[in-house]
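You will see subunit A twice below: alongside subunit B first, and alongside subunit C after that.
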Partner chain A sequence: MLRLGTRKLLDRSFTGLGVLSITLLTAALLILLAPMCLRGIGAYVFQGTVEFRRVLLEKLQRGDRDELKRELAATARARQPVFDALLAFQQELDRMPATQRRKLKPEFEQVRAAVKELLGPLPGEEIPLMMRSQYGQTRWDRAQVKIRKILFAEDYDFSGGGLGRKMLKPRATTFHGTALEPLFAYVEHHAVAMLAPQWTFYGRFLTDESHDAHFFGGIGPEALGTLYLTLGAILFAVPMGVIAAIYLVEYARENRLVRLLRICISTLAGVPSIVFGLFGLAFFINTVHLSANKSVLVGALTLGLLILPTIIRASEEALRAVPEAYKQAALSLGAGHWRSVRTVILPAALPGILTGVIISMGRAAGETAPIIFTAAVSVGKPLTLWQTLSQPTPALPWNIYNLCSEHVAVDEIRHVQYGMVFTLVVLVLLLNLAAIIVRARISKGLRT
Partner chain B sequence: MQTQKQLLIAGLVALTVAAAQAAGDAKKIVVDGSTTVGPIAKAFAEYYMKAHPDVNITVSESGSGNGAKGIINGSIDVGTMSRAMKTEELDAAKGKKRNPVQHIVAFDGIAAVVHPSNPVKNLSKDQLRDIYTGEINNWKKVGGPDLKIVVISRDTNSGTYETFQEKVTKSERVTDRAEYVGSNGAVRQRVQSTPGAIGYVGLAFTEGVKALTVNEIEATTDNVISKKYPISRGLFMYTDGAPAAGTALADYVGLYKTADGKKLVGDQGYVPVQ
Partner chain C sequence: MRTGMMNSAKSSLMLSRSANRNQRLTRWFGEGFLLVVTSLSMLAVLFILIFIARDALPFFSWTHFKEFFVSTAWYPTQNPPSFGALSILFGSLLVTLGAALVAIPLGLTAAVCLSDVLPFRVRQTVKPVVEMLAAIPSVAYGFFALIVFAPALQEHGGPMLAWAFWLVVTPFLALTLLVLADLAAARFAENRQSLVRGLVFALLGAMAAWGLWKTGRRLHGLEISSGTNALNAAIILGIMALPTMVSVAEDALQAIGRDLRMASYALGATRAETLVRVVIPAAASGILAAAILAIMRAIGETMVVWMASGNAARIPEPWYNLLEPVRTLTATIAGDMGEADQSAGSAHYHVLFAMALVLLLFSLVCNMISERMIARTRRRLR
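Showing the complex of A and B:
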């Protein structure tokens, strides 16, 4: 028998622990989600430069042609002194003594390359084939990085021995007294006039196709692919899972075989997702040749298998939770076994089943490993419903990984990556929200 | 009444299936394999689809080994590889009645890369080998600071790994302390964030890291063309049988021979086929 004081103390410390863990969870969520969402929103809302509007008009036929023409004329005027300085220095370079020329030429090439990255191809140059070199910076935040690249040379100081220290050397001092010197101050102070940044809401980021391997455009094929895969998995797993659960709860007799089956289902729920991915490849593609190559169909089936155990277990629990009296009442009114399951037990268990479906849906949308070998590709077009049977698709979880680990110029397109993360999180939230609303409706219908 | 309704539904279903089938007839090309060849495959795909919007070319990058496996299993149309197919792979393909045909789409060097703050500028091929076999484990021994070398290698599925094994480590075992990562981009990121690290990547992936000279020769496309640079290799696309002329597949794989194709290869830092 504990003393009253001790009991109170224990009680309080337990409450304290509970509050602490909830606070920690909230803080973790905030720390995790807040920057992710903020940066993700940056893919949709940002300061777009005149180059962005040029891409929209020239490649996607969107925007006001006359307005852009005026803007282009204005920015071209603002850019002219930069081009003039480059040209003047080029001529000056040719007249320089060889030693000085050799010293300045490599750095001049760097400046010229950086200007091209900021503003696009120089006037009179041949239009390059790669879209990424046809335009200057489309986003003001990226433009500022490029401006720094024009203004400062990144160098390492190795004089101290050991690892070098990073130094930013102003190029204006390197080119002091030459025709290039005014360029640096000009770029620094007239960047706004050269690029005309404007707050832009790029809502079609969600639906536009990507151009030049995600340098431009949006994430339409990825978002659509994720939707296809998730809904396909649900379409496959929910009927199968619910039927299996009904059988296990209502029809199967408790014997050794059924117990073994239950253990198998629980084990299946714990199998790592990559194993499902490899199984999907080995079975659906290489053995039964469901499709000749990776396809949305195979990916959805693999994801379906992955979430099947969760759905079976959740449905089983929900069915068991229906009071025995409901069933007995239905049977006493003369309903058969199947009829009482269909009209009484299943509707009563539906909210619980839907909870399982909601959890699985989020999992199916976010899983990467099962679709690597069965459905996902780095780039591809958005698919029609019929094409999903035979063709692979980009999908958000895989492309997030792909962009950050395999893309040639990942630093240039971070915003796309964050945009994908944000979109995936919102997509899962929306799917869940929809399911929660449906569940609430059903529960309400049951009570009245 | 009931039968009429059923008939109507059956008719509608048949119609949608037929319509969908017609729409689904659009051509597709599935490309998978090397992460080094990935940027070329993606640029070619973009270029080709602009002129032929009815073709869907999907590209993934899961390593040269998977390019070979895909061709052997017939699960892809084009296998991109940064090494040639090995005899075992060719035999396996023949065993499945496939006929891998090689297309050399570009040449590439493998650059040894370090963190930009690392004062070491040059390594000989032998030093590079000793670093990867674990004999040299401190930068001090090659003229650098007193710092442990973090060895980053590609995974064994990679064609870049195989080439590096063949040309540098001469098939000796890579040190147990090496970290294996799955793509060129991942090597670059690992090296970019680790001052003591060394890694090796294709020439297109040296942004943000410092490429060392090997035997005092710079890793540039010019030095790959002139064969001065000691670690270079061909980049390949494999198809099952030579694609019939005039098909989308033949046009796509053949892009490397066109002037525009060469430009696309060159613009990304690879060496076009002469």
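Showing the complex of A and C:
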């Protein structure tokens, strides 16, 4: 038998364990949300350079033309020494002895490429085809990365063995004594003048179309696609789910069929989401030919099936929570069964049903696996309502995956990825918050 | 309005008085319509089973059933292709097991804490945390795993693991030692007990500390070659499965009721003893159901494992090495369906449906068991 002291200690440490697990839970949530929120806001609020304002004016016809012209003139003056240094070194390179030229030329090409990435095409150059090479860095944080790329060469130190350590080698020492040397100090100290960063609020990130594979512009088509899919799923699942719940609560007698129905509903809730996706492909597209290929309609139906059990359960609970007295009062006033359901019970249960619907909306908006084969594409234009019947759409969850694992330049568009995740998570959490508020109202309102 | 009410009052009166055929027919049709709509979910389950099985069966008749479950050679696009899914099945199992190891103990303690330990007000603020964890979309978890967690794990994996190990194991070990010392001391005479207790505690404590230090150092020195591995996927999946575990287990614990707890307290048990010896055993089937549901959530999850598990179709070496990349069923389906010809019936297309069938049957069986468990708790409590 244990001592009383030990038993007390065990009891207290058990409490501690519980509190620790709750703390861990909360910490997990915070660790998860912090980077998404902090860096996600960066897609909307950031230091935009003059290049950003140029993109806005030239591609989206937004902003003040004269103001930008003045700004461009100022930054062009600030940039001139860089271009001059590049040109001077180019000429110096031709006069150099062959061994030195061979050594310096590749690194000079790197510097030139980095300058082009930072500031856009050099003056007198042909306008490149890709939009991403037509402009310099639009964001100050990305510009600083590029400046480092101009100033330092990456090298690996293998002296420690293994994979080697990354080392940064200043290029100024490599080009010591040449015409290029002043460029590095100049870039380091005059970057602000060259790019004129300003705090920008880019609220239309949410609605703008993307340009050149998300290098510029916003996430409009994705947001719209998610909206279509979510609303479509709700339109399909809510009437079905509520009717099923009414039947199960108000009309069903406890027989074998009803028991089977209940088992089926809970089974449907347990089917993995990817299986829903395959089913949508095999049934709606390959068998019924609802649309020739992926479409918003098929995706919405698949998502609707996915959230159907949640809606049935929530509605069932809400209907059961309506006090028996309400129903008896309705019946005693002479209303029939259906009439009392329609005019008394359903309105009383509505907030509860709404909670379930809102939470399911969040679920439908965030699910990825069911729409991979049924509705989602990587790039696309925003659809009109009519097109949703036959056309696939980009959608936030799918494009988050796509941009961070299949995009050509994953690192360059980090802010777009974070912005998308932020938008999706905020959408879902706001929906949940709404559900919590609605529920708090019910527990106050529905008392006998 | 008023006439309408009169009418309905009249009609219901008439119905109760005599069998008005018209009324009964309407009623019958109305109820039939409701039943038909309700049956939609049954139809959906049936159709899902039929259509997944329909597209999976051609695979099993073409190639050997055996190859799928025994061979580890997964080369679906080579000529001739081979469809050995053993390593993929194993990957799913490994990741799910890891997730269960994270979610079940943590979820159970959190559920116990929520239902019995915390005061009401704190509980009201913690519940939304659990709900938010459940609401965050899986792709956001996957994004976190790939962009934030994987690089951190790759660069500081060893120290992170060591600290986590120390943090988790040290308190448990200390308590176990305390109990052991107490039990050992109980065999001796009253006046010698404190001496024996101190001696045993010091001896075992020194051994345990040495073991902790050694293991921790080894973990500290670990080099993780890639951050996207089974461990990453398992941890994130575990966190995803936590809300399911917490809420279902908490319901089960709440369902036990006050009587049992009060009886235990009356017999002189502490709160910890009441919970561990009385409440948790009584709620065992509900907790098991919670664990099964959490496991189902983990094995059916796609985006996190697709993004974070590394997607290498081979069995780690040795098999329990969580630091190697693995590939799971769901990730294979999601990743390969694009390559496989989606409309024509290639073998690659069908093998993915076979995987979906395996997943589906697994979740059906799990669901059935968990339903049984929950029903059993309910019946016993009645």
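To be clear about the criterion, the second predicted complex is superposed on the first by the 397 of 448 C-alpha atoms of A that agree within 3 Å, B and C clash if a C-alpha of one lies under 4 Å from a C-alpha of the other, contacts with A are read in each partner's own complex, and residues count from 1 in each chain.
Heads up, the rule we're going with is that a residue touches a chain if its C-beta (ideal position, glycine included) is under 8 Å from a C-beta of that chain, and two chains touch if they have at least 3 such contacts.
Keep in mind it's a predicted model, so treat the numbers as computed, not measured.
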Can A:Thr174 be said to touch subunit B (first), subunit C (second), both, or neither?
neither
Checklist line | Which of subunit B and subunit C A:Ser133 touches, first, second, both or neither | finding: first
**Prompt:** When the two structures are overlaid on chain A, which partner does A:Thr355 contact: first (subunit B), second (subunit C), both, or neither?
**Reply:** neither
Larger residue footprint on subunit A, choosing between subunit B and subunit C, goes to C
**OP:** May I ask you to decide whether A:Gln144 touches subunit B, subunit C, both, or neither, giving the answer as first, second, both or neither?
**Re:** neither
According to the stated criteria, A:Phe158 is in contact with first (subunit B), second (subunit C), both, or neither; which is it? first
*asked:* So in the superposed three-chain picture, is A:Ala213 touching just subunit B, just subunit C, both, or none of them (first/second/both/neither)?
replied: first
Counting only touches as set out at the top, which of subunit B and subunit C does A:Lys381 meet: first, second, both, neither? first
| said: Looking at A:Leu10, would you say it contacts subunit B, subunit C, both, or neither? Reply first, second, both or neither. | reply: second
(Q) Looking at A:Gln90, would you say it contacts subunit B, subunit C, both, or neither? Reply first, second, both or neither. (A) neither
Residues on subunit A touched by both subunit B and subunit C 162, 285-286, 372, 404-405
Contacts from subunit A onto subunit C in the complex sit at residues 1-3, 6-11, 13-22, 24-26, 28-29, 32-33, 35-36, 162, 240, 243-244, 246-248, 251-252, 260-261, 263-279, 281-283, 285-287, 305, 308-309, 312, 334-336, 338-339, 359, 362-363, 365-369, 372-373, 397-398, 400-401, 404-405, 414, 417, 421, 424-425, 428-429, 431-432, 436
Contacts from subunit B onto subunit A in the complex sit at residues 20-21, 23-24, 26, 28, 30, 32, 35, 38-39, 42-43, 45-47, 49, 56-62, 70, 73-77, 115-119, 145-147, 182-186, 189, 195, 204-205, 207-208, 260, 263-264, 267-268
In their shared complex, subunit A is touched by residues of subunit C numbered 5, 8-9, 11-13, 15, 27, 30-31, 34-35, 37-42, 44-48, 51-52, 54-55, 106, 109-110, 112-114, 117-118, 126, 128-133, 135-144, 146-148, 171, 175, 178-179, 182-183, 186, 223, 239, 242, 246, 270-273, 275-276, 293, 296, 299-303, 306-307, 330, 333-334, 337, 342-343, 352-353, 356, 359-360, 363-364, 366-368, 371
Interface with subunit B, subunit A side, in the complex: residues 128-131, 133, 154, 156, 158, 161-166, 211-213, 285-286, 292-294, 372, 376-381, 383-387, 389-394, 402, 404-411
